[in-house]
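Next up is a structure, given as C-alpha cells.
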Amino acid sequence: MDILVLNPGATEEQLKHIIKKLEGRGLQANISKGTERTIIGVIGDTSKISEDEENAIRAMPGVEDALRILKPYKLASREFKNEDTLIDVRGNIIGGRKIQVFAGPCAVENKTILMSIAQKVKDAGAAFVRGGAFKPRTSPYSFQGLGEEGLKYLAYVRKKTGMPVITEIMDPRDMEVVSKYTDIIQIGTRNMQNFRLLLEVGTAKKPVLLKRGLSATIKEWLMAAEYIMSKGNQRVILCERGIRTFETATRNTLDLSAVPVLKKLTHLPVVVDPSHGVGKWDLVAPMAKAAVAAGADGLIIEVHINPEEAFSDGEQSLRPDDFATLMKELKPVAAAVGREI
Amino acid sequence: MDILVLNPGATEEQLKHIIKKLEGRGLQANISKGTERTIIGVIGDTSKISEDEENAIRAMPGVEDALRILKPYKLASREFKNEDTLIDVRGNIIGGRKIQVFAGPCAVENKTILMSIAQKVKDAGAAFVRGGAFKPRTSPYSFQGLGEEGLKYLAYVRKKTGMPVITEIMDPRDMEVVSKYTDIIQIGTRNMQNFRLLLEVGTAKKPVLLKRGLSATIKEWLMAAEYIMSKGNQRVILCERGIRTFETATRNTLDLSAVPVLKKLTHLPVVVDPSHGVGKWDLVAPMAKAAVAAGADGLIIEVHINPEEAFSDGEQSLRPDDFATLMKELKPVAAAVGREI
Amino acid sequence: MDILVLNPGATEEQLKHIIKKLEGRGLQANISKGTERTIIGVIGDTSKISEDEENAIRAMPGVEDALRILKPYKLASREFKNEDTLIDVRGNIIGGRKIQVFAGPCAVENKTILMSIAQKVKDAGAAFVRGGAFKPRTSPYSFQGLGEEGLKYLAYVRKKTGMPVITEIMDPRDMEVVSKYTDIIQIGTRNMQNFRLLLEVGTAKKPVLLKRGLSATIKEWLMAAEYIMSKGNQRVILCERGIRTFETATRNTLDLSAVPVLKKLTHLPVVVDPSHGVGKWDLVAPMAKAAVAAGADGLIIEVHINPEEAFSDGEQSLRPDDFATLMKELKPVAAAVGREI
Amino acid sequence: MDILVLNPGATEEQLKHIIKKLEGRGLQANISKGTERTIIGVIGDTSKISEDEENAIRAMPGVEDALRILKPYKLASREFKNEDTLIDVRGNIIGGRKIQVFAGPCAVENKTILMSIAQKVKDAGAAFVRGGAFKPRTSPYSFQGLGEEGLKYLAYVRKKTGMPVITEIMDPRDMEVVSKYTDIIQIGTRNMQNFRLLLEVGTAKKPVLLKRGLSATIKEWLMAAEYIMSKGNQRVILCERGIRTFETATRNTLDLSAVPVLKKLTHLPVVVDPSHGVGKWDLVAPMAKAAVAAGADGLIIEVHINPEEAFSDGEQSLRPDDFATLMKELKPVAAAVGREI
C-alpha cells in the first residue's frame, strides 16, 4: 500500500490517527490536500506492509481506499532480476532463442500408445514429451489417470527417446513419486492457488511449469510463482492456457496478450498451451502460430495417434501428421520474430 | 452425452461408424434426418458414457457436437433424492426451517480475541463460530494462520460457549488434525477443484461446507460436491460467496440467483457468505437480507471486535454491534419468507 | 486524474516536464519520492482534466500510471446532491418509501391481450404497465415490435386503467412519437452507451429508466446517467437487469449488490428487473424478494396471460396468478426492510 | 430450435400437445424416448421458427429445454456462401492475400495533424487512413469529435494522399453526411447491437466495418452482421477489438481465437484492432504480429505524431517511427503464413 485516499469528510483527528499508525511502522506520510480529497503518499519501505496490514488500514475510520502501486511480488519481478531466466533441462534451454515444444497425449494411457506418440512428436521436432499420470477431472466418474504406473511409462519413454518429460502433480503427498520420474513438474490450472502444493514444489529440485488459473489475473499468477520462488525454487515457467469468459465458441479464451505483458513484468519464461486454450484441434494451429508471433518461449500441444479413442480431451488433440505439418509451418513464424523452433 | 449433431457433410459411412460405436456400448441410436443436419438421439443408460468417451465421440469424423442433456452429477441431484438434506450439527439443523448463522473472524488470531468475538456473536444469535487456522493467502508474505494452535483456540471457544465450530482445510495431510477439532470442515474457494482434497474430506465423518470456486459454474460446483459424496460423505453444504466478473465496485459479484437455481437442482443445503461476496462491511447487511429473501439456509458473516487491527480481511468485517443490529433486522426478513433465524 | 505514478527510472527532467504541464493547467504537483517510485498528488480542480487529457498525460515519458480518485460523474453523485431523488409520475413516487412495481408483457402484441394483462397486474397491485413497441432483437428475423401502433395500445390501456406507462426507445428519430404516448422512457441494455440516444432523452420532459449494459461497470452506468443529466433531464431511474458472466444456468447474473453500491454513490432511484436477470419464470419470485430486501426502489416484472403464446420472452414471464401471489409475498419482505409495496 | 428436451415428468398429453404445435407449423417430431428423458428431434425447415416461437415453445408445459443446433444467421454463414468475400475499396482488396492496414489517429483533431499522420502511415505501408469525427466517449465532458468538419479533413487527406478513409457513425441521422465523405463506415463496439443503426447502414452503398461488442459472443456478432446484410449490404468486415473480462492488466482481452473461429463460420473478412484490444502502445506490436499469424485479413492501428498531445487514446497510440518499424517486422510474419502486407 503506497497511497491512501481519505473520505471527503475525514477529520483532522482521523488524519492524525492514520499518520501515527504509519509512523509506528517506520513510514512517513506525505499529505496532498486536494479541493475534494486528501491523499496520503506513503514514503518508506512499503513492501513491508503486508496484505493484512493493508486491509486493516483500509478499515480505519476516514480511509476511503488504499492503493498499492508497487508490485506485490518481488522474486518474480523484472525489477528484482532484469535478465531473462533460462532454464536448462537436460540441455534444452527454456527461455532462450529456441522455442521449445512440449507435445504428447493429455493422459498417459498405456506404454505402447505413449511410446508411439512420443516417437512421432520427436521426429516432428518436439523436445519434450508431455502426458498426465494424475489427471484432474471435473467428474469423479471420469478416468483419473494411471498414477505411478503412468509415471513409469513416461520414464521409459524418456529413456528410449531421450526426450525430457513433463507431468502434472495434484497432491503434495505425491511429491516424492512425481519428482522421481519427471523432469519438469506441472501445476495445473485448478491448482494455481493450491498454496500448499505451491510451497511443496517450491522445495523441489526440478523446474515447475505453472499454468494460469481459469480466472486468475496476471498479478495473482505471478504471486503464485512467488509462492514457489519464496521456497527457493527459482526455476518457474509460466503457461498461459486460456481464461474463462462469457464466450462459448471456444473452450476458454486464450489470452495471448498475457505473453507480452509478462515479458515486461517478469524474467520468467512464458509458454502457451493452445490446445486447452481453444479446445478444438482445428483451431490449435493458428493459435500456436499466433503464440509464437506474440513472443512465447514455448508451446504445449496435445497430440494423440487416435483422438477418437483417447481417454481424455480427444477433441482438442492433433494427429501426429497434423502436428508435423504445424511444426513445419511454425519455423518461418519463429524466424519472423527472430527465434527458432 | 445424449445427442449427437452431425456435420452437414457427414457421410452415410460415418453415420454407420457412429451407430456401431454406440451399439458397442449397449446404446441405441435414434436418427433424425433434418433438412440440414442429422441428429442422433442416444437411447439407453447414457450416464455410463464417461466424460472421456464423450470427448472421444466428439472427435469422431462426421460429428459436429455432442450434447449432454442429463445431469453429470447423480448423488447431489434432486432426481436422485427429492427431499431436502438436513444436516444436524450438535443439535443445530442446517437446511431446515431455521436459518443458521456462522459468524466470527476471518482468521483466528489469539484466544482472547476469538473468545471475545464468539461470545458477542453468540449473544447476538449466531449458532456457529467460524475462524481460519489455515489461511489461503494470495501472497506468501501474508499471515498464513496459526495452524494447530488456532484449531485449539477454536476447540476452547466451543467448550466455553457451546457453539459448534467451522474452519478451513487446505491440505489433505491436515485431515486428521482438522477433523480432531472442528465440527464442520470448510473447503475454500480456491480449493473447490482440488480434487484430492475433495476425495479426502469425502472420507471424513464431519459435514463439509464447500465454497463455490471463483469462476465455477453451478454445474462444476455440483460435480465437486459429487466428488465428496462419491466417497461416502453425503453431508455437503454449498456456500455461494461471489464469482469473478468484470465489475470492480465489489470484491466479487455475489450470485444470489444461484440459491434458487440450486434449490431446484439439488437437495443439499445452500448458505451464503456476503462478506466475501461484496468485500465491504457496509454492503454486508443489505446482501445478507437479500440472501435470506432469496431462500438461503444460512449465512456466513465475518465479525471482528477491531477490524482495523484484524490480521486479515478487516475491510469486510462487521463490528459486533453492527452484527447484532443485522441479526435483529434479519428476523422479519426470515419471517417474511416463512423461515426463522 | 489525481495521482500520477512515475516509472522507477523516470528522470528529473521528465518530472519537471510533467510538473510544468500540470501547472499549465492551473494545477499543483505534490511530490512524494518513495524508495522505489515517485508519486505525484495533483492538487487543484482536477475535475477539469478531461478523460482525454488524462490519457495524454498517461502517455508522457516517465509516467507509469495515472489514477483518478475523484468520481468522473458529478450530477449523478451523492456528493453533488445528498438527498434521494424522488420522481413523481402521475402521483406515483419512485424512490420513496413505496416500492413501485412495473409489470406487463415483454412486447405489446395486440390491444386485447395488453388490456387483459394490464387489468390483472393492476388488480394485483402493480402501479405501472410496461410493454415494448420497439423491440431490440438479436435476430433481424424476429418480431421487431408493433411500433406506433403498439404505443397507441399502451396509451389506450393507460386511459382505461389509469396506470402510467413505460416503454422503450431505440432510435433518436423516435423521440417525438415515443414521448407522445409514454410516461417513462426506457433505454434498454444494448443502448446504455448509445450516446446520441442518451443525449436525445436528456432533452425529454419525461423521466428516463436507464437499464444497465450487459457488461457495464457501475461507474460506466453512472456516466451514462450523467450523459442524460448533462442535457438537463435530472429524472433518471437506474435499472439493474443482470450482467454477462461465464455462468449459463441463468440468462444473466443479476448483480443485486449493485443496489446498495448505487445507494452509496448516487441519489437516483434504483429498480431491479429480475425477469431479464434470471430469464426463467420460476426464479423470478425469489429474486424479486431478494431485490426488495437489498433495498431496491422498484421492480420490473414480465407478465403474460399465456407465456406459451407470447411473441417474445415467454420463458421468463409470470402468469397473472403467479404475479398476484408474488405481490402478496412481497408485502412482508418490504415491511421487513421498512418499506411498503 | 431443432431439439426439444422434455422434463422427466412430462406426460403423454403434454407430448401430444407439443407434437401438435410443431405439426401446426409444418414440422415433424422425431421422438427419442430415453430411460430418463424424452428428446424430440424437430424435422423440417426449423429456420422458419423464430427466436420468439422458440421462447414460446420453451415455455410450454413439459418442456425443459429447446436447443438450436442450426445457426441463427444465414447470409453471413459459410454454408450459405462458401467462398471468401472480397471487398474492393478503390482497388484495395480486403479479404484477399494482402493484409490491409488501417492506420491513423483515434480522433480527427485538425487538418495539419491528420495530414501529417496520414502521410507517415502511407509511407510506412498503410493502405487506409482511419480517424474518428464522431467519437463515442464514456464521459459527456470528453471531446466528442469535430463532426462534419472532421469528415471534411478526412476527405481532404484522401484527396491528397489517395488513401481511402474509414470513420465511425454513431447515429442513423448522420448516414447521409458520413456516407458522403467516407469509403468504409465503421460501427463501433458500443453500437454493435444498436439495431436501428445496423439497419440504416444495411442500406448504405459503402462497406461496413463492424466492431465486436465488448461482451458480444461470436454468434451475436454474426447476428449483428446479419442485420446489415438482411438489408442488402453484403460488404461487411468484422473487427475483433478485445472483449471485457476480469483481467485488468490490459484494457480489454484481445480474443485472437475469434479469427480462426470466424474463418470457419463465415465468408466475411476479419480484421483485428490490437490498439483497443490491449490499450497500451508497447503491447500493440506483438499483438499485431500475433493477429497476422492467427489469420487476420487486416489490422487497425492507432498512430499519432504526438501521443502526449492526442485528444483521445494517446496511451495506446504508436508514434510514426514505431509504426514504420512494426510494418517492416510484419512482412516476414505475413509471409510465414502465406500472406503479404
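Lettered A, B, C and D in written order, each chain numbered from 1.
Simple rule for what comes next: a residue touches a chain if its C-beta (ideal position, glycine included) is under 8 Å from a C-beta of that chain, and two chains touch if they have at least 3 such contacts.
Only a predicted model underlies this, so the values are computations on that prediction, with no experimental measurement involved.
Counting the residue numbers used at the interface between subunit B and subunit C, over half appear in both copies, so the two copies meet with largely the same residues. Here the repeat of A-C among B-C, A-D or B-D is B-D, since over half of its contact pairs match by residue number. Subunit C has its Cα centroid 31 Å from the Cα centroid of subunit B.
Centroids built from CA atoms put subunit B at 26 Å from subunit A.
Within subunit D, residues 215, 244-246, 248 each touch two or more of the remaining chains. The touching residues of subunit A, counted against subunit B in their complex, run 50-52, 55-61, 72-73, 136-143, 170-173, 190-191, 193-196, 199, 214-215, 220, 223, 226-227, 230, 244, 281, 307-315, 317.
By the touch rule above, subunit A contacts subunit C in their complex via residues 2-3, 5, 8, 30-37, 39, 41-46, 65, 67, 69-70, 79, 244-246, 248. Across the interface of their complex, subunit D is touched by residues 215, 217-219, 243, 245-250, 253-261, 264, 277-278, 282-283, 286-287, 289-295, 329, 332-333, 335-337 of subunit A.
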